[in-house]
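Order of writing sets the labels: A, B and C. Residues in every chain begin at 1.
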Amino acid sequence: MPVIAEDMNEITLENLWNTPEGHRVLSCMQCGMCAGTCPYGEVMEYPPRRIIGMLKAGELDTVLRSQSLLTCVTCYACMNKCPRGIRLTEVLLPLVKEQTFIQLTDMPAELQKALENTDRYGNPLGESPRKRADWVKTSKVPVRILPTDRKPTDVLWFVECYTAYHPRGQDNCRATAKLFHALGVDFAILGHEEKCAGECARLTGETGLFDKLTDYTMKLLGKYKFNRLVTSGAHAYDTFVHEYRPRGFNHELDHTVSFFASRLDQLKPKLKKKLNYTVTYHDACALGRHNNMYDEPRKLLAAIPGVKLVEMEHNRENGICCGGGGGGMWLDTYYKAKGYERLSERRIKEAIATGANVLAVSCPYEVSRFEDALKTVGGNSNMIVRDVVELLAESLEE
Amino acid sequence: MASNIWVLAETWRGQVTETTLELLTLGREVAGQSGSQLEAVLLGDKSLAASLGAADNVLCAANVEPTPEAVAAALAQLVKERQPQAVLVPWTNLSMDAGALAAAQLNVPFVNGCKDLKSDAGTLVAQCVVYGGKLEAAVSATTASTLFGVLPGSRSAASPGNAPTVTDVAVTLPEAKVKFTKYLEPEAGGVDITQQDVLIAVGRGIQTQDNMELANDLAAALGGAVCGSRPVIDQGWLPLSCQVGKSGMQVKPKLYIMLGISGAPEHIEGIKGAQVVVAVNTDAAAPVFNASHYGINADLFEVVPALTEAVKAKKG
Amino acid sequence: MNILVLLKMVPDVVEELEVAGDGKSLDTSFLRTIINERDDHALEQAILLKERHGGKVTVVALDAPDIDDTLFATMAKGADRAVKITDAPEGMTTQMAAKLCGQVVAGLLPADLVLTGVQALDDLDGLSAALVAQQLNFPYIGVVTAVTAGGPTATVLKEFAGGVRGEFAVTLPAVLGVQAAEKPPRYVPVAKVRAVMKTNKIETVSAPGDAGAAQIEVRQLAKPVVSSHAEMLEGSPEEAAGKLVELLAQRGLL
């Protein structure tokens, strides 16, 4: 289906009005639902509604100079609420963001470093690409690395960056490996050949870097025989669905959450250890609002003996973003300098208010974001943050 | 008798620097190994020769301005005339450009980043820090009168000793094309970190500006001040006057706690005077652990709050 | 004003560096190279000057793996020309490389300024900036952190210790060894680099003449001996913190 990819690439701000998407944008009735639902709507100088207005009036340059779009954390809330069905977060905002990005005179240092690292080392953390699979040495179950053992695999596990390198991400890795093993899944990873899938580069506005990364990953995936790609990255999953598919990626696809949920019948009898946790689940924007994956994580959590699930005030399609998307992961200092509240801090307060003692998440960014937020606004809360797969793996233990 | 070992005396705002005195200690060792004399080369104010008593003789050219151009030209001229065995030059911001330029004029190597220097069967062999401290090279030169750029902290400082003999030497300087105008002082207002007994140093690992609070809290509990390595100062999270290291301050606290600092030699250079050094870093292989007395291999975001609490509890 | 910037690629220390079997050189099998950090600052300073005063920036570099990507990136950032020196002998020291680069730079004159990093990660036998200045017979100053041009002299700040900087008036043309640009090196979007790759060309010149012989001998290259590794305090963060506080109390530091 590469034809679609070409079509998509051809939508630019200049020709927008001549495309079906452009027609849809023209149907905007300026109701302001987007700005109202945007987590940074109050501080954004030009929220989506005004951007459309300015775009129609040919005054987009003012919007670009305002850098408003740096506060877009691509949470899909505006798109989700738009009564006209305008694909704001998928089409319009990335186009505007790309132009904002190109014209940015002073790139926030943290973001610049993350992008330079992703380009050079294939991960935003600036870690050695050769050490991408170093966590495997600490896994209690064997993990096959495809570049050194090339035979076909059923599941190709696309680990992703924070999972592979961040100490808490590596906890996620070990848990996932253990679950695969317990289910007897034939799985393997790409080791040092894997690079960032690129979603955050695209949604930061660095589309050139995104193209470079997708070209690389498409070629890499073509080297190996596998039936299904399973990724630990919520953002990677999202981009495989929406960006790699049109570029010709045609394998079965799962996030770890949806993969284990689809094998719950087989997994449930193995979840024997009772965990006496009250758990509240934070919906990752990239899984929930953008891919409708609301029930799977909750089903998994409910299957763990002893777990009591409670919901936050804002949940499922109304969930509040952790603030890490669209480059927000590397704009914390930029937001703070502007005096904006951190979304992860807003969210953790809601989580604490549920009385839960565990905040369950399913995106590798969120563990560190929420653990940090707990340190700053957590007060005396004894809440801990765990990935869904970590809780499942914990319950496997006798 | 072998030709002499020279040390380029570095002067800074009317004083001979500590590094110069360290180089005199090292130079004395090397001179002893090769049975030669130790001479200091003082370019500028002759009265400063009194601090250079550790040398057997001081060669002094008083008419040299403190620019790399003038210092290099004078040094090169003296080396050509007097053919020392080797010249030890402080590997500092102050002197590295003059040393490099003098070596270029003499067509001899300027051996970079030496932490040690020995005579091996008549040949001088330097131990040099390369690749940002990841490796060390043992380097010898094939030329006579080689210049060695020696890192601060190679030895302890030599005491001034008795007034040395001073030999006045004449140098002819070319027309000056680099002229010193004035000093620019660092922004005022901050604490003087060189006077603190306890310093909490933060590095890249602190990640964001508001994480600086963690360091501030620990400093408050311990009764010290916060300083940083270059990346943190570059970010503007601390003023330039709080930078520790090669291009910042040399500090001598009783306790120096490094948070998220990898331990690049440029930083470690600034803390050689610290009495007890502690490092917290997530990377067990970080070089900082080779430069500290106590190490905690863990996430600073977990350790620092715990440490702050423990200090408060202990102090009551 | 016309500015020449001399760049070099150095080993990327994000990857583990290994010593080759001879015990004297780097194992190049997994070696990646990256632009010398201070040279990147020299480039940034050159582009800042061009933005302020107009003129042209020409980048000169010795051939190396990945050099083309680096040179295209310099043009995407604002350099007007990029010149690559090919067919140079391998394993040159800083002194030898400067001999070749200096000749190429001389052929690209006139220029008001020649900027390069004050030092590089892999220098062992000298500093490029000073060596090139000597060859060109230009005035030189190093550890530069700011440059203001205009007229026959440039006002240059050199960084000393303790945050003190010295202001110098430097007669042009001159060579400056840059420690840090006035602003951190800018970001250049990948798409812009890719566009430059399509429109711009890297000029090449063959290495001129003889680089001479090395005047140093590396007798041994090794990872530093860990003679004084820290005493590691184990346990949970709370436990480790507790142990440290006890140790500090024993030493009278609380």
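Basically, contacts are C-beta pairs under 8 Å (C-beta built on N, C-alpha and C of every residue); 3 or more make two chains touch, one makes a residue touch a chain.
If you're wondering where the values come from, they're calculated on a predicted model, not measured in any experiment.
Participant: By CA centroid distance, what chain is farthest from chain A?
Facilitator: For chain A, the chain whose C-alpha mean is farthest off is B.
Participant: What is the identifier of the chain with the smallest separation between its Cα mean and the overall Cα mean?
Facilitator: Looking at where each chain's C-alpha mean falls, the closest to the middle is C.
Participant: Could you state the distance in Å from the CA-based centre of chain A to that of chain C?
Facilitator: Their C-alpha centroids are separated by 37 Å.
Participant: Which integer distance in Å separates the CA centroid of chain A from that of chain B?
Facilitator: Inter-chain centre distance comes to 46 Å.
Participant: CA centre of chain B versus CA centre of chain C: separation in Å?
Facilitator: Chain B and chain C have C-alpha centres separated by 20 Å.
Participant: Got the chain C residues that touch at least 2 other chains?
Facilitator: 184
Participant: For chain A, give me the residues that contact two or more of the other chains.
Facilitator: Those would be 109.
Participant: Multi-chain contacts only, two chains or more: what residues does chain B have there?
Facilitator: Those would be 234, 299.
Participant: Using the touch rule from the top, collect the residues of chain C that touch chain A in their complex.
Facilitator: Within the complex, chain C touches chain A at residues 14-16, 30, 34, 184, 186-187, 189-194.
Participant: Once bound in the complex, which stretches of chain B touch chain C?
Facilitator: Of all residues in chain B, those touching chain C are 12, 67-69, 72, 92-94, 96-97, 100-101, 103-105, 108-113, 125, 128-143, 146, 177-187, 194, 198, 222, 234, 239-241, 243, 246-250, 254-255, 276-279, 287, 289-299, 302-303, 306-307, 309-311, 313-315.
Participant: Spell out the part of chain A that touches chain C in their complex, as residue ranges.
Facilitator: 101-102, 104, 107, 109, 112, 115-116, 119-121, 126-130, 206-209, 211-212
Participant: Along chain C, where are the residues that touch chain B in the complex?
Facilitator: 10-11, 13, 17, 19, 26, 93, 95, 118-119, 121-127, 129-131, 133-135, 139-143, 155, 157-171, 174, 177, 179-180, 184, 214-224, 226-233, 237-238, 240-242, 244-245, 247-249, 251, 253-254
Participant: Given the complex with chain A, which residues does chain B contribute to the contact?
Facilitator: 207-210, 234-235, 282, 299, 301, 305
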